[in-house]
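Just so it is clear, A, B, C, D, E and F label the chains in written order, and each chain counts residues from 1 on its own.
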Amino acid sequence: MLREFTKGFIKENPVFVMALGLCPTLAVTSSVVNAIGMGLAATFVLVFSNIIISLIKDFIPTKIRIPAYIVVIASFVTIVDMVMHAYLPAIHKSLGLFIPLIVVNCIILGRAEAFASKNNVLKSILDGFGMGFGFTFALVVIGGIREVLGAGQFLGMNVMWTSYKPMLVAILAPGAFIVMGLLMGLMNLKKKK
Amino acid sequence: MNYFTQIFALAIAAIFVQNFVLMKFLGLCPYIGVSKKLDSALGMGMAVIFVMTMASVFTWLIQTYLLIPFRLEYLQTIAFILTIASLVQLVEMIIQKTAPALYKSLGVFLPLITTNCAVLGVAILNVQSEYNFIGAILNGLFAGVGFTLVLVMMAGVRERLDKAEVPPAMKGMPIAMIIAGGMALAFLGFAGLKF
Amino acid sequence: MNSVYAVSAAPHIKQKISVNSVMWQVVLALVPALLVGIFFFGIQSLLLTLYSIVAAVATEGIIQKMRKIPITVSDGSAVVTGVLVAFNINVAAPWWLPVIGSVFAIAIGKQIFGGLGFNIFNPALLGRAFLVASWPTLMTAGWTKTQPLWNTFQSSINGLQNISSKVPDAITAATPLGVAKALRDTTLVSSEIANSVMNDLTSSKTIFELFLGNIGGVIGEVSAAALLLGAAYLAWKHIIEWRIPVSFIGTVAVLTFTFGGINGIFSASIMLPIFHIFSGGLILGAFFMATDMVTSPVTKKGRIYFGIGCGVITVVIRLVGGYPEGVSYSILLMNIIVPLLDKYTVPKSFGEVKK
Amino acid sequence: MSLKSFHGGIHPPDFKQYSKDASIEVMSPPAKVVIPLSQHIGAPAKPIVKIGDEVLVGQKIAEAGGFVSISMHASISGKITKIGKFNHPAGMMSNAIEITGDGEDKWIELVDEKDYTQLSVDEIKKRIADAGVCGMGGAGFPTHVKLSPPAEKPIDTVILNGVECEPYLTADYRVMLENSAEILAGLKIFMKTVSAKNGVIGIEANKPDAIKIFKQLVKNEANISVVNLKLKYPQGAEKQLIYAATKRKVPNKGGLPMDVKVVVQNVGTAIAVYEAVRYKKPLVERVITVSGKIVKSPKNLKARVGTFYSELLEKCDGTTAEIGKVISGGPMMGFAVSSLEIPMAKTSSGVLLFDEKEAHNDAESVCLRCGRCVDVCPLDLVPSLIVHNVRYEDWETAEKYGTMDCMKCGSCVYVCPSHIKLIQWIDIGKMKINELRRK
Amino acid sequence: MKYYIKLGLILFVITAIASGILAFLNGKTQPIIEENQVQAQINARLDVLSAAGFFVEDSIKIAKKQDANPLKIQKEVSENWFKYFRGFDADSLLIGYTFVASLYGYSSEVQTMVGVDTNLVVKKIKIISQAETPGLGANCVKEDFQKQFDGKSEKQLAVDKDGGEIESITGATITTRTIANSIKIGLNHLSKSVEIEEVD
Amino acid sequence: MLIYSIIILGSLGLLYGLGLAFASKKFHVHVDPKIEQINEALPSANCSACAFPGCSAYAEAIVVKGVDINLCAPGGDDAIQQIAGIMGLEATSANKKVAVIHCQSGGKDNTFYRYDYQGIQSCKAAIALSDGPNLCKYGCVYQYDCVRSCKFDAMSVDDNGMIHVDKEKCTGCGACVVACPRDLIELVSDKKRVHILCTSHDKGAESRKSCGNKTACIACTLCVKKCPKDAIYMDNNLAIIDYDKCVNCGICADVCPTSAIFDPLKEVRAQRKAAAAKKKAEAAKKLEAQKE
C-alpha cells in the first residue's frame, strides 16, 4: 500500500523518470511558489479524477471511454481553475495557460492507473497522491534551483551573497531545459549505483 | 501593415520568435518522445500541423458561436479538449479506413496528439489573443510548422548523437533536454525580431 | 622471435598532421587578434583571455577525470575554446564572466556530448549565448571603455562617438553595428540624420578604421586585419577551407547590398556590404567559428549550404532582429541542422549512374 | 597547358630519388623459388606437377583454375620440392609450389615469330593465356579475360598505365625508359585484340624523359597519343586515369572500364604480352623496385617470380639500419608483411624497407569531422561518415554512403589529422556488408 | 442503432453532470472573481491617487487603439474608447484622474495604472500587468523604477536616451520606452478629454 | 444558465459519442486481436515514452516485430505482466547458457607474436592483416571484438588483457559468439565446469611451440582415454568435449599434461587429495606407531 504512495517520488517519478508532463514542469518552475501551486493543483486533479474514474469505470463502454475520462479530468481541472482564480488570483495569473493544460498532463498520469490496473478506490487515491506529490516534489526541486540561480532567491527571499548577479538564463527557457537535463542525468547516475 | 505583411509577421513569430516548443514550452512530450528517428519526427510533425489547424478551426467556432453567446466561457477547457480528442479519433478512423498509405505515414501519430499540450494550447491561445477566424487558422498552422521544424531538427541531432560517446547517465532523455536547452539558447537570437 | 616487424594496413606513409598540431595552429592564428585587442583595450584583455583559457582547460581535465577517460587537454582544443570565449567578451567585463562562460562552454557545450568530435553546438558560441542570456548588461555594456595604448587612436574613437551621438539609442552600444541598427528605428531619427550617419558609416575612413580595429567591440573581433592574417595562415596550412567563409561572407555581402539600405531595396551604397563584412564578428565568426570542423558539415555541398544559412540568418538578425549582431546566433542555429545537412548532402560517388 | 587530372587526390612526397636512376639489373635465378598459386584475381591455379618432378624454366606447373584464372610456370629449372602452405606477398598463408633449382637455368623452347602482328585474335589470346599473363599494375586481373569483353561492350580505346603514382616505385619508369619499343608493340597487340581505334599512353608529369621517349615513338602513329598527367596520387587508379585521359566516368557500384569502352593495362603487362605473343614466353620474371631510406643500394631488379624478398635485399647490399617494416608493393596500397621470407609474385612491383621510426604508426584519436578525407577522396565518397557508421555498426547507412565503392587508395588516411585508419574500418564494413548481402 | 444511442446517452449524462457541477461552481466563484478584479482595480487606482475618496468612470472616443501586438492578426475593432476615472476627494472635489496605459513592449503588453493630478502631472504609477523578460524588462515592477515617474509631466516622459528624464532599466530600454510612451499617449487622450470638459 | 450549460455541453457529448460510435462501426479496420488486447492493456496515454508513435503502434510492434514488452513507462509492471500474459511469454528458461572462451593463452604478455600489429582495435581487422599477429593461428588476438559486442557488460578484461566472462551477468545472447572471428566462443550450459581451452588444430609439436602460455592441446589423447563417460573425442589434432555426455568429473583436467583442460575445482581436488593422502599417511604412521 505504502509503495503505491512512495513510488511516485523516486522510482516512478513522473517527471524525472518517465519524462511525462514536461510542459508545465518547465514552464512554471521559474519560481518555487509557482512550482508548489502547479504541483498541488495537479495533485488535486489526479486524486479526485482517480476516485471518480475508479468508481465509474465499470459503467463506461470502451468505445467512449476516452472522451468520458477526459470529461471527468477536464471538469476537475476547471474546478481548480475557478477556485484558484477566485481565491489565489496571483498564482492563477502566473500559471496562466498551464492550468487548463493540466488536463493533458493528467490524462497521461492518471490514465495509466485507470486503465492498466484494476485497482480499488483506496489504492487509486494513494496512487493519485503519490504521483501528485512526486510531481510536486520534482517541480519544487527544479523551481528551487532555477530561482536560486536565476534570481538569487528562494521563495522570494534573498539567499545569495549581496553582489551576486543573477544568472538570468536559469529562469528563461534554455535554463529550464538544461537544469532539467542535468537533474535527469543525476537521477540516472543515482539509479546506477 | 497590409494583410500580407501581417501574415508574414505572424508566421515568423509563430515559427521562430515565439516558437511553441522552445519559447512557450508547449508540446514538449512529443518533442522529446518522438524525436528519436527522423522519419517518425516528420510524420508526427505533419500530423501535428494538420490537427493544430483543424483544432483551431473547430475550437474557434465553438468558442465564438456556442460558449460566448451563452456566457459559458468557463466550459472552455472541457469543451476544447473533448472536441480535440473526438476530432483526432474521428480523423484517425477515417484515414485508417480510406487511406491506408496515409495512415501508415501520418495516421499512426494521430492518437499521440490528444496528449500534446500544443494543440489545446494553440486553441486556448487563439482565444486569449483575440484572433479572428483567419488569424486563428493561420496561428494554428504556423505554430504547427514551428513545432515540426524544431522536432525535425531535434531528430537529426539525436540520430547523430546515437553514434557518439555521450556519457551513459546522460544518454536518452537527459541529453535531449540539453540539446533542447542549446536550441533554445540559439533561438534567443530571434528574440525581438520585428519587421 | 628476434625481430618483429610492424604490420599495419595501407597506407604506410602519412602526412605530418595531428589533432594537436591543428588546434595549436589555430591558437597561433588567433594571437595577432589578441595582440591588437591588447593594444586597443589594454592588458586587461590578456588577463581575461588567460582566465578563460585556464577555466576551459581545467574544466575539460576535471570532467575527463570524472568520466575516467583519457585526459586530452594538451590537444589544445579546450585552449581554442577558451580563447574564443574570451574573444567574445568586452574588456570591461568582470573576471568571472569569461570563467563561467568557458566552464559552461566546455561542460555543457562539449563534454556532455562525449567530448571532442561529438558536440553539436560550437562550444565557445554556446558559452557566449549563455553569457548574453544570463548577464545581458555585462555582455553589452562598456564597449566604449577602451584604453588605447597609443593615444592618437583616441581621436578616431571619438569620431565614432560623434557619429553615434546623432542617434539617440546608440550611445551605450557604440559599436558600428549598434549605430547602424539604431538607424533603422525611424521613429527615433529623422531620415536626414539617418542618411548622413549612414554616409559616415560607409565612408572609406570608417571602413579603414574597421579594418584596423580602431573601434568598440569585444576583445577578439575588433581588428579585421589581424583576424585575416590568422585566417590566411590557416588557409595556407589547409586547416580551414574556403567553402564556409566564402559562402558565409558572400551571402552577407549580397543580402546587405540588396536589403541593407535604409530607403528600401537596393538603396544601399556599394560600401555597405564592405562595412558589414568588416564590422562586428563576421570575420571572426566566418573564419574561426563557423569553420569549427566538429560543428560544421563534413560534406562539401553541406559546407556551402551551411555558409549560406549563416549568412542569411546573420543579415536577418542584423537588419530586423533584436540584436545588433547576428553572427554568433546564426552559427549556433546552423549548428543544429548540421546533422541534417550531412545526411542529405552526401555526394553521389564518382561515376554514379544517372537513373 | 593545364595538365589532365581528376578531382581530389593528394600529393605525397614521391621518394623516387632512391631508385629512379638505377637501370634495370637482371638478377640471376635464385636457388629456390616459391610460386604462389593465387597471384591474381580469380580462382587459384591447380598444380599439375608432383613433388619430385623435374621442371624447366617456363614449364607450366599449374593450370588455370577456371575462366577467370591464370596458369603458373616454373621460373627456375629444378625439382618440385614441396606443394603446400607458404607465405604470400599479400601477407596471409596460401598454397604454393616450391622449386629447388639445379643451378642450370634450362628454359623450355621459345619461338621468335617475326610477323606476330599477323596472328589471329584468338591465337593472340591463347598465347597470352598460355603464358599466364595477369595485370602487373597491382590488381592482377587475368589479361586474356580483360581482352575478351562481351560483344555488346565494344572497346574504342586502350590506355597504357605508365603513371606509377605510388611513391618509391620506379619499376614501370625504368621499363618505360629501357623497353619503350616493346611497350609500344604490346599496346598495338592490345589494340588489335580488342579492335580499339585509339591507344593512349598515360604518364605522370614527373617522368618527363619517359614522356619524351614515347612522344618521339608515337610521332608517326596517328591513333596513339601520349598524355601528360598532373602529378597527383592516385593518378594511376584505373577510373581516375580513364577520367583524366578521356573524361569518361566508369560507373560506380562495380562498373568496369569496358562499360565506357576502355581497357587499361599496365606498361609491364604490355611487355609481358608482347613477349608472350612473339616468343611464347611465359610470365616468369618481372621488374621490381627494392627501395627505402635504409636500403644500401636501392635497385630496379628484373627477378624471377617466386624469388624471396630476402634475396632481393641481399642483391641490394642489405640495409643500413634495423628493419621496422617490410612492405610488399607501394607505400600507399602495399601490404606490410611479417617477414622477409616472402616470394615475389607476378604483381609485385616493389619491396620497401622502413626503419623503426618510419614504421611507427600513431594511435587513432577521435574523428574531428574536419572533412579533409572528404576533400581528397577521388571517388567523391565521404570516408568520415562511412567510418563513423561502420564504427557504430549502422551497416545499412554505411552501405548507402558507398562503402563498397571505395578502392582503398588510402588518400583519406594519408591526410587524416586524427590518424584514423579509415581503410581498415571500411574493410570491416565491406566484410560485414558482404556477409549481410549473402544472407 | 440502439447501441449508438446508448453510447451517446452515457456521454451525454457524464457531460451533463460535469457541466451541471461546473455551472454551479461557476455561479459561486464568478462573483468572487469579479469582485476581486473590481477590488484590485479600485486598490490600484487608490494606490496611484491615494487622496481620492471615490472614482467616477468616464471615457472618450479615440481614433484607433494603438497596435497592441504588432505580430497578431486580431479581431477588427471598429471604434475605441479611452477609459479613465475622475478621482474625487471626500468633499467631492476633483483631485485628479487615473487611467490604464498600455502598449506592447519587448515581449508582452505592459499595462500601467497611472494617477495624475488635475494639471496632468503624474502623481504615481503602478505596473499592473506585464510579461517582460524576468530580470530585464520585468524589473519595471520594482519600486525604484516606478518612483521616478512621480511628478513628471508629459514633456519629461521619455527615456533619457531619447532626451527625456526617465532613466532606463539596464538592458531593457525597450520596456522603459514602452512604459513612458504608453503614459504619454494616455496623457494625450486625457488632455483632449479634459479640454472638452473645460468647454462644458 | 445551468440549463444552457447542461444542454450545450451535454449535446456536444451526445454528438461526439454518437459520432465516434458511428465512425468506429463504419470505418472499422480489422486488426490482430492480440494487438487490440495489448492496446487495451496499455494505458492509452500515447506518451510515446516507448519510442513508438503511440500505444497502438507499440502494441503492433510487440506483436509484429517482437519488440521488448517492457518499454511502457506509464503502464509500469502491471502492463508488462498483462502483455506477457497475452503474448504467452514464459519467464526465462531455467537452463541457462553462458559464454566460454576456448583459449587461455594467458593474455597479451604470454602470447608469441609474429608481428607488431598497428591498427584499429578490431579482431576482424587484425586477422585480415597477415592472418593476425600471434604465432598461434587459432588463438585470441586480444582486440576485444567480443567484449565490445556484449551489451550486458558481462565480459571484463584483466591487467594482462585476458577476458573473463561473468556468469551472472551473461545472458547467453550469443553476440560475442558472432563477434569472434576466431570462433573461440561457445555457449555452454552454466552447469558445465570442465572446458578445453584450446582450439589449435596444429600438430602437437607445432601448437606447443606457438602457444605462449604452453597450455595448447598437443593431441596426446590422454583425456580421451581416461574419460569415464567417453565424452571427449579428437578432431584433427584437437580434443573436444561433448558437453551432453560430460559429468564434470574433472579427470581429464587432472591428466592433461599441458593444462589445456580447465576445471576450477582441479586445485581444490588436488589439495583434498593431498590432504587425504596426508591423513592416510598419518593414519598409517599412527597405525605403525600403535603397532610398535
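Keep this in mind: contacts are C-beta pairs under 8 Å (C-beta built on N, C-alpha and C of every residue); 3 or more make two chains touch, one makes a residue touch a chain.
Please read these numbers as outputs of a predicted model, since none were measured by experiment.
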Item checked: Chain labels contacting chain D and also chain E -> B, C, F
Note to self: Strictly by the touch rule at the top, which chains does chain B share as contacts with chain C?
What the structure shows: A, D, E, F
Note to self: Farthest chain from chain E, going by the mean of C-alpha atoms per chain?
What the structure shows: D
Margin query: Need the CA-centroid distance for the pair chain B / chain D, whole Å please.
Written below: 61
Item checked: Chain centre separation in whole Å, for chain E relative to chain B (CA means) -> 31
Note to self: Nearest whole angstrom, what separates the Cα centre of chain B from the Cα centre of chain F?
What the structure shows: 45
Next item on the list: Please compute the C-alpha centroid of chain A, do the same for chain D, then give the distance between them in whole Å.
Entry: 71
Checklist line | Sequence positions of chain D contacting 2 or more other chains | finding: 91, 335-339, 359-361, 366, 421, 424, 427
Next item on the list: Identify all positions of chain C at which a residue touches two or more other chains, and write them in rising order.
Entry: 4-9, 108, 115, 118, 130, 133, 136, 342
Next item on the list: Mind pulling the residue numbers of chain B that touch at least two other chains?
Entry: 29, 33, 74-75, 78, 82, 86, 89, 114-115, 165, 167, 170, 175, 178, 181-182, 185, 188, 191-192, 194
Notebook entry, point to check: Considering every pair of chains, which are in touch?
Noted result: A-B, A-C, A-E, A-F, B-C, B-D, B-E, B-F, C-D, C-E, C-F, D-F, E-F
Notebook entry, point to check: Where on chain F is chain B touching in the complex?
Noted result: 1, 4-5, 8-9, 12-13, 16, 19-20, 23-24, 26-29, 44-49, 51, 53-57
Next item on the list: Provide the residue numbers of chain F that touch chain E in the complex, in ascending order.
Entry: 1-2, 5-6, 8-18, 20-22, 25
Checklist line | Partner chain A, residues of chain C touching it in the complex | finding: 108, 130, 133-136, 138
Notebook entry, point to check: Inside the complex, what are the residues of chain C that reach chain F?
Noted result: 1, 4-9
Note to self: Which residues of chain F touch chain D once you look at their complex with the stated criterion?
What the structure shows: 114-115, 118-120, 122, 124-125, 128-131, 137
